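Reading through the structure tokens given below for one structure.
Should a chain be cited, it is by its letter among A, B, C, D, E and F, assigned in written order, with residues numbered from 1 in that chain.
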Amino acid sequence: MRENGIRKIWAGGGNVINAWLSIASSLSAELVANQDFDSVCIDLQHGGVDFQASIPMLQAISTTHRTPLVRAPWNEPAIIGKLLDAGAYGVICPMVNSRAECEAFISACRYPPLGSRSSGPHRAVLYGGPDYSAKANETILTLAMVETVQALDNLEAILTTPGLDAVYVGPSDLSLSMGEKPGYDPKYPKVMKAIARIAVEAKRHGVQPCIHVGTTAYALEMFGLGYRLITYAGDYRFLQWSMQRGLAALRSGKIAPDAL
Amino acid sequence: MRENGIRKIWAGGGNVINAWLSIASSLSAELVANQDFDSVCIDLQHGGVDFQASIPMLQAISTTHRTPLVRAPWNEPAIIGKLLDAGAYGVICPMVNSRAECEAFISACRYPPLGSRSSGPHRAVLYGGPDYSAKANETILTLAMVETVQALDNLEAILTTPGLDAVYVGPSDLSLSMGEKPGYDPKYPKVMKAIARIAVEAKRHGVQPCIHVGTTAYALEMFGLGYRLITYAGDYRFLQWSMQRGLAALRSGKIAPDAL
Amino acid sequence: MRENGIRKIWAGGGNVINAWLSIASSLSAELVANQDFDSVCIDLQHGGVDFQASIPMLQAISTTHRTPLVRAPWNEPAIIGKLLDAGAYGVICPMVNSRAECEAFISACRYPPLGSRSSGPHRAVLYGGPDYSAKANETILTLAMVETVQALDNLEAILTTPGLDAVYVGPSDLSLSMGEKPGYDPKYPKVMKAIARIAVEAKRHGVQPCIHVGTTAYALEMFGLGYRLITYAGDYRFLQWSMQRGLAALRSGKIAPDAL
Amino acid sequence: MRENGIRKIWAGGGNVINAWLSIASSLSAELVANQDFDSVCIDLQHGGVDFQASIPMLQAISTTHRTPLVRAPWNEPAIIGKLLDAGAYGVICPMVNSRAECEAFISACRYPPLGSRSSGPHRAVLYGGPDYSAKANETILTLAMVETVQALDNLEAILTTPGLDAVYVGPSDLSLSMGEKPGYDPKYPKVMKAIARIAVEAKRHGVQPCIHVGTTAYALEMFGLGYRLITYAGDYRFLQWSMQRGLAALRSGKIAPDAL
Amino acid sequence: MRENGIRKIWAGGGNVINAWLSIASSLSAELVANQDFDSVCIDLQHGGVDFQASIPMLQAISTTHRTPLVRAPWNEPAIIGKLLDAGAYGVICPMVNSRAECEAFISACRYPPLGSRSSGPHRAVLYGGPDYSAKANETILTLAMVETVQALDNLEAILTTPGLDAVYVGPSDLSLSMGEKPGYDPKYPKVMKAIARIAVEAKRHGVQPCIHVGTTAYALEMFGLGYRLITYAGDYRFLQWSMQRGLAALRSGKIAPDAL
Amino acid sequence: MRENGIRKIWAGGGNVINAWLSIASSLSAELVANQDFDSVCIDLQHGGVDFQASIPMLQAISTTHRTPLVRAPWNEPAIIGKLLDAGAYGVICPMVNSRAECEAFISACRYPPLGSRSSGPHRAVLYGGPDYSAKANETILTLAMVETVQALDNLEAILTTPGLDAVYVGPSDLSLSMGEKPGYDPKYPKVMKAIARIAVEAKRHGVQPCIHVGTTAYALEMFGLGYRLITYAGDYRFLQWSMQRGLAALRSGKIAPDAL
């Protein structure tokens, strides 16, 4: 089976820079997958993307060597199974707030006897190889989102769930759950403290801490805290922010530091 | 009929900053249309977009007050008519190299007796208003692309075609046609000379000169030459260039000037 | 944040006429949104529409000032969240039969601390405005469907659920649940009695009663009973019924009262 | 090969009532095809429909016994061939203004030696039967649109083109071409005179006269003039007009003659 | 209501050969539906197909007399209801492992008082007929998948669930659940024993045993065991296997037994 | 620039086996591209595929090392340019019947100064590499279809067109043009004679002869005649023929030579 590039980077001690796709287009997906990311994740929770549109996006990613990830819309076995059958090499699952929820998530990602995933891969075999069924359990990544106070309360129980590879911090929801405003790159002390704690505890349990950031500054800070995968903004945000910056310059008759 | 925002800006002596859409997504189209552009053009020639996908993109643009434009895939009345029926308020037509080609283009955009456009607007009436049929001829913009040596040779004949509102310079194809390499923002002396000449001659004939640029610097230079509409890069390019810049910083452990 | 037109009408004491979309087309959605309705609802339960198709339909509605609603396919947080992120300004939730189900529904529609909606709006911010996250909880409408005997039994418990804005009667399912035949505009005494009771009890608890009707006669009757929002037939039904009527006339050589 | 229902009706001396589809939805297409029409035409010229979307629409029509027609976007062999391969049983071709244009149209619809259609039917064989290639030339209907003054001038030359089955009058474009306003059911004397003349001359040359109407009254008048196929409004118009009528009643508190 | 072809075959003592669709294309669906199958099932669990794409596929099947089935992605009432509204005449439900799960599945397929299916058929009425609501409960087929050890343990409880028409064995998942490798046409003794037992017990309880096979040999063996419906491979597999066979011959310079 | 695999095989003296895609699905496209073909061609002329659907299909092919080809719907520069921009590495052009038509085709495929292709590659650069614009003219393959008596009459003029890489025989249309029945693998003496002649003359002029076949037997015969690329049936045909063969066996209770 084709190896999982993220596992390889982690095994080598490296950190992963992940891309994020919210726009349902295989053309922009392929453009993003050709940039210098290690992996590319399709967001089916908050992105404008459904299962059908994710198939050509997964194919677009697979024209490169970036590892294809998905964020499932919810902790439900039906859609998790469909996305894995379509060739996702890892699943980020939103709102994993308890041990039971984490176990349900892992079960949906693993074939028996480790879980209850139903067998029927199609694209997954084209992408992964003919030994997909035999090796999927050890190849596919499971990333549980920790993004609520409840999840923080249950952190150790979540982190010790057998089969869990990583936790993925959603800083915006976590801030909201802690009584702060949602948004990128929160600096609220209690949120920062929680983010730091998650990295430490995850490492202690052999689980990889991952997080979503909006800027290079925050990304570097997170790597400093021990995070092993950061998602750097996303297609939608790069498009928005770069146009805002360029237009603000142009409207005021200034030359922007265009990248061309 | 809803007025044409570009005509209004031009009538007021202003310049237009136009957005460019190559990605077939109504979500990214709406995001772009919410930035500080004056108009938004869907590219059906070199973009990954066909007629069917252009309808929701036109709708997405129409959630804002930006003027919706299209670049037709070719100088053909069928697709030009379909795009106008779907509510485009202006058509950029590629490869208009002669007076006859320009007349054919204008004819496709104008109802009789000024042209031969067939009547059957649908979205166009929803967007433009119930008097669409009566006022479309004076509202819809025609923009002929000047992008070859042949077009330069026929420039005056093209510029004096009745019904032509604007010429739109394609600097990449023009460079290629003149024996240079294609690309954004050419600086080849003979190409620059031609670009300057087009602006002068267009102005002399009461036709608006327009051009596609990649950077603010080139945009400002073009405004200085008298260009009245510049297309500033495009969705695909903003996405590509901003990711390249951000990732280059992040990979080298530096903080990029992120826009967040 | 852009205000919710339905809240405004209700605050002014007015009644709302809502449109219904079952056909997965942004073109017909825009056509309908240009008619004299106050709001337009996309039906993801019984309509031929899924999430991906609903995005351009929401965009089409947003070219007008009609308030965009959706009927969720089911009482599930994943799809409710996705539809809200895409810009729906209200959610009609099918089969809310108990207080617990109503609380789950409300929770899916409200950000913490009022609920558990996950943060990540995209189109919603384009449509609602930059203060979307701060004001969504007070702007988005929650409409719980009362359409079974069980819901009638639990009516008070449902109506007093914090955060519930309205109940939406499904007369066809309600009839079926009460042992009658499904269909538009039921006249069965016990069903009529239940419909009347819902309006009275809803009003008493400050919840707006809403209902789906097929004809103007029934609509007027419902307004008389105190209903504050009626959905008038739907795209599919208008298309079917008007063709049936016109063709019946034409086939018998008669002139129909065509609307042209 | 499955017979052409329109040919059969015409052979029996009957008249045809044709439906018109402008909305790119196979669901609404199937709904329309289940009403009491004889044939259903997908409009790829002025409708919001492209080739890809027309395939499931043709399939939807084929769940019934209505004869599937298409209006081609233009007189071009590529798209005419694609639509025939997909199972259209007749092609309405816009803007046939001369004998040469009519011959080109016929040639695109007929296999050698009668024309130059390229062989490669797919759905057409599923729908028509295994002898499709042998019998397509005598089964497929060709309908040339007469909708300009130029076409009127060349009427006899058009009507005598070998292989032409019918002429289809576009009253809106014809009015426009004659200096009047476009729209449904024109009553301008010179337009009416032309419409009457077309019916007479078509009959004289054994070609079936067909026309697009908006109302039953006009339809009956056209049958009286000898027209053998009328297209009665269309999906988009039925939807629009019936909602306008119903809402006007409801807004004024009146009961509309709803069809339920 | 249009009768259910599978029920008719079973009532006549016959066996059913079912087709399987994993490719989201209405064109290939129609091609398959034109082959000599009795029914055609769209796989929304392991196929690359979502609800929106299933509508034109159901329409494509409905151009023929094959009975349209779907495999639901999961035992959830929302999607089951949507697929039935769209005209599916039977639902195969994955992972029915207990009596409670089977009852929930049946409830989602049956209108009150037999179940809790919500009323709102659209295509279903076009396909089934105007008496759809009255007769759907007795016409629609329910097929519960037995594919785990847990389901075997609960077999009698499942088989005696009121309203259950058939059990559908998933041999690949069943093998996996029993500690063997997944795949087509398992020959593991304990799996074969279970498969034989299911046929016997199903028959005893008046439930039809059904199974998925890959080859004619296994199909014939299953008919011999009493299976009354076999799904023969699928679109994806026929495409893959026939190309593999043909190419292997061609690459070695041999003539394959091509079917042309 | 990524090399053209077909050119490499030809340069090494080898023959090419090409796949054919008529079904608009990126999933089946990827399945086919994973079989043992050298190249994969998407058919936009007789297939059920339009430009928009071809993009994810090209991406699906690009997950493998098979060379991506397209058959253009017609000899028109607009669509040829769009397909090349989307990453096609060769274009098969239908109905090239004269030197002028061949020159127009070549011109549409080549950038100035060799042709008139407009510059604006998007996916093409992602797939081909950053030097795409510089090397496209020498990399992209041009294949002109010879499929009429007229083309045979002009064969030498066509074969000597500068920039032509290959001729592609359409045996079905050629048979039809010569007064025979269309179909796969014709054996009519005069057609066979023409097919043999094309191979000889093509070779003499340094142009590669290519042909579409249905069976291995015919393929081997064509290789024997000097053909250097054969298209072996297609997705649609493999699906149809393998199901026909398997079902015929199964219906008669026989074991078919299934490939499993």
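The working rule: a residue touches a chain if its C-beta (ideal position, glycine included) is under 8 Å from a C-beta of that chain, and two chains touch if they have at least 3 such contacts.
Computed from a predicted structure; not experimentally measured.
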Both-way neighbours, i.e. chains that touch chain E and touch chain A: C, F
Comparison of C-E and D-E by number of C-beta pairs in contact, larger one: C-E
Rounded Å distance between chain A and chain D, as computed from the means of their C-alpha atoms: 52
Computed distance of Cα centres, chain F from chain D, in Å: 35
Chain A, residues touching no fewer than two other chains: 22, 24, 27, 31, 48, 50, 52, 55, 76, 79, 122-123, 236
Touching pairs among all chains present in the structure: A-B, A-C, A-E, A-F, B-C, B-D, B-F, C-D, C-E, D-E, D-F, E-F
Chain F contact footprint on chain A (complex, rising order): 26-27, 30-31, 34, 55-56, 59-60, 62-63, 122-123, 126-127
Of chain F, residues touching chain E in the complex: 17, 19, 22-25, 27-28, 31-32, 35-37, 48, 184-185, 214-217, 219-220, 232-233, 235-251, 253-260
Chain D - residues contacting chain F, complex: 50-52, 55, 76-79, 81-82, 85-86, 111-113, 116, 118-123, 133-134
Chain F partner contacts - residues on chain B that touch it in the complex: 22, 24, 45-50, 52-53, 73-74, 76, 79, 94-95, 147-148, 170, 172-173, 176-177, 179, 181-183, 236
